[in-house]
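Note that the chains take the letters A, B and C in the order they are written out, and that residue 1 is the start of every chain.
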């Protein structure tokens, strides 16, 4: 592998890894605040892409406002999902909640397919199609948009969680829901904010990713799975680790396919994420077994 | 180990991370005496029970049951050895009737499995009959004989606790651990409980209980062990314990009934 | 007293069901629904296993189609490429699928809640990828065809009429066996685990072992159903065993009632008919409606639609009796 190829693959890995990171962040935020795994997380990325496509090509709205609007709409849909499907379930069991979020994911996916479009869509690149040169490799400028956006979003998120009242309240709720409710933080409001935020993150991911790759109403499934893997690497607790996990997955995916190693040809790129997932779960299962034995 | 000691602990300790819940506790439970474990909140009583029943392993020290080392025996095997417990929060099987709850207790005393059950072989049917009869016997013992087909959770708390005891007795134990059996009971129910505990003793089952209700303990316990902050600070008859200055000091600041 | 009355009613209901089932494939009765009923029977077998698994371990399986597909594919491959006797192939498939479930059982049940769900999802997806590969190896790119019919001696199950009885024979056998299990010491142990794992352990129930056993049972059921499926359609394709298939199975179990045995017929039947109808009238809206059903049922009737309906009927019956007793 030449150094130019290496850089190419690395950038490609970081690019897709950035999207996984955004999805993983969404999973982590919702889980940390509500202890719920939102199986619909991947769908919000899909919505970001498909809604902006619809706004641009069917409603004729110019690029920038369409993107922002679609992120907003996606976030609202996420909040609605919380209010209509999850909050009404009151003290549902973990199994029930899992099935509910899956049901919601299927519902959202189906509606998107019916109402928006069944085709593969692609948004226009933000800054043109001309590929740039970097360390001898050809880079699609959209990749820089993706990586840049992810970096900016992560920083903004960190600042939000650390320095704003709402952000700190979210953190408090995540660390100790009982104590934080005693000081007046309403867990239901925090949950709502968490869902809004996570969906917005997904929407952002969809909006920057759609120009680079073809998206369809089905794209949410694998994106959701890979975002889950990213969040799982972070233990569902640390946003930073989730970002790291996403990037790691993206890089591993790209290089394994590039190396043509074993059965993982490009047709089975998705299987890599599954293997990583099962490895993580296996490790976790092993750790739990050890904990049981050691007491 | 002498014949009349049913349970013994040597240097039993349990730590959760940095928190020491039980600190080198040596106990010797006499088969023939109803023994109570008391102590202020956080003394380690529940931890002791959990170690004896195998909920989690000890950090160090040994537990011997009828002379046999118990430490590495998995929790679910302890019932067939003869150790059973009730829970502070009852933990009935809410998806079953009163009778079915007690019948579940016969699990370690029956043996037919999936195959015999699936095909309703004669072994299964014979054992089921025995299980039913035994369960009814234990229900009658605790006074719930007329409630067989009621949903377990439809009973008021006092009777739920009796049901839990019946279920535990159905495992045909040698040692029964009662975790705060008196909590939430009224005076009449507590008296019935005391009578029941004495009948259990007459069935040659050793009773070990954790209780906060002092009159109840003093009325029924033939031996009292006092724990405080994970350590055994005293043991003796109820009368001796009541006069023990260390015990009184440990309870200062606590609500004494 | 209440229970004995209830059981008289259930015997009546089951006998009525039996009679109806026997008469269905005759053309003067409901013969045009024979093929539909074959599928319902096959799905019921999978659903019973899933109901028991989800109902008694309190965990969700998002990959049950993997077991279903394994049974189908092993039967297909062994009876076509290797010329096995289809019955032997079915047995081998059941044993292999059961063994597979046993191997993954202990590590999987150490995971809890969401992680467990994800593990089942991941496994289901991996098996789907494996099935696609098997298509390439053993058949055409989209599936394996040319699967022989099942037969006993010279009697070949080469008509829907005959296969209907074959499938429902298996289905009723599975239902009866499952009912026997639920009403036995084993069933009590499973219900105890569902009621309180710590209390179950304290009375001597090996919780982990039981969970694995019920997983294996559900896998064996699903495998048998898969084999019957293969010998009915005489073709297996990977898309029948994808994630949406696992979701459909969960819908069937949820509607039938988790931890319910006979409710599985209702759940499988209602869902299958619904999916056929929906597909016919609304095209791809079937998926949307699944999603809606899942959400609504889990919010308002987490114990399952069928169980809820039974409760309502029970209450109505009691009210009717009371009124009948009054002068």
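Definition applied: a contact is a pair of C-beta atoms (placed from the backbone, for glycine too) under 8 Å apart; a residue touches a chain by one contact, two chains touch by 3 or more.
The shown structure was predicted, so the numbers you read here are calculated from the model rather than taken from an experiment.
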item: Identity of the chain that, by mean CA position, is farthest from chain C; value: B
item: Chain closest to the assembly centre - both centres taken as Cα means; value: C
item: Distance from chain C to chain A - Cα centre to Cα centre, in angstrom; value: 33
item: Inter-centroid spacing, chain C versus chain B (mean Cα positions, whole Å); value: 41
item: Whole-Å gap separating chain A and chain B, where each centre is the average of the chain's CA atoms; value: 50
item: In the complex with chain A, residue positions of chain C that touch it; value: 54, 58-60, 62, 107-108, 110-111, 113-115, 117-119, 121-123, 125-126, 129, 243, 247, 250, 254, 284-285, 287-288, 290-295, 298-299, 302
item: Chain C-touching residues of chain B, taken from the complex the two chains share; value: 53, 55, 74-80, 84-85, 87, 91-97, 100, 103-108, 110, 112-114, 116-120, 124, 127-128, 131, 149, 167-168, 170-171
item: In the complex, chain A residues that touch chain C; value: 31, 37, 85, 88-89, 92-100, 102-111, 113-114, 118, 221, 225, 228, 232, 268, 271, 274-275, 277-278, 281-282, 284-286, 288-289, 292
item: Chain B contact footprint on chain C (complex, rising order); value: 1-3, 177, 180-181, 184-189, 191-192, 194-196, 198-207, 213, 217, 259
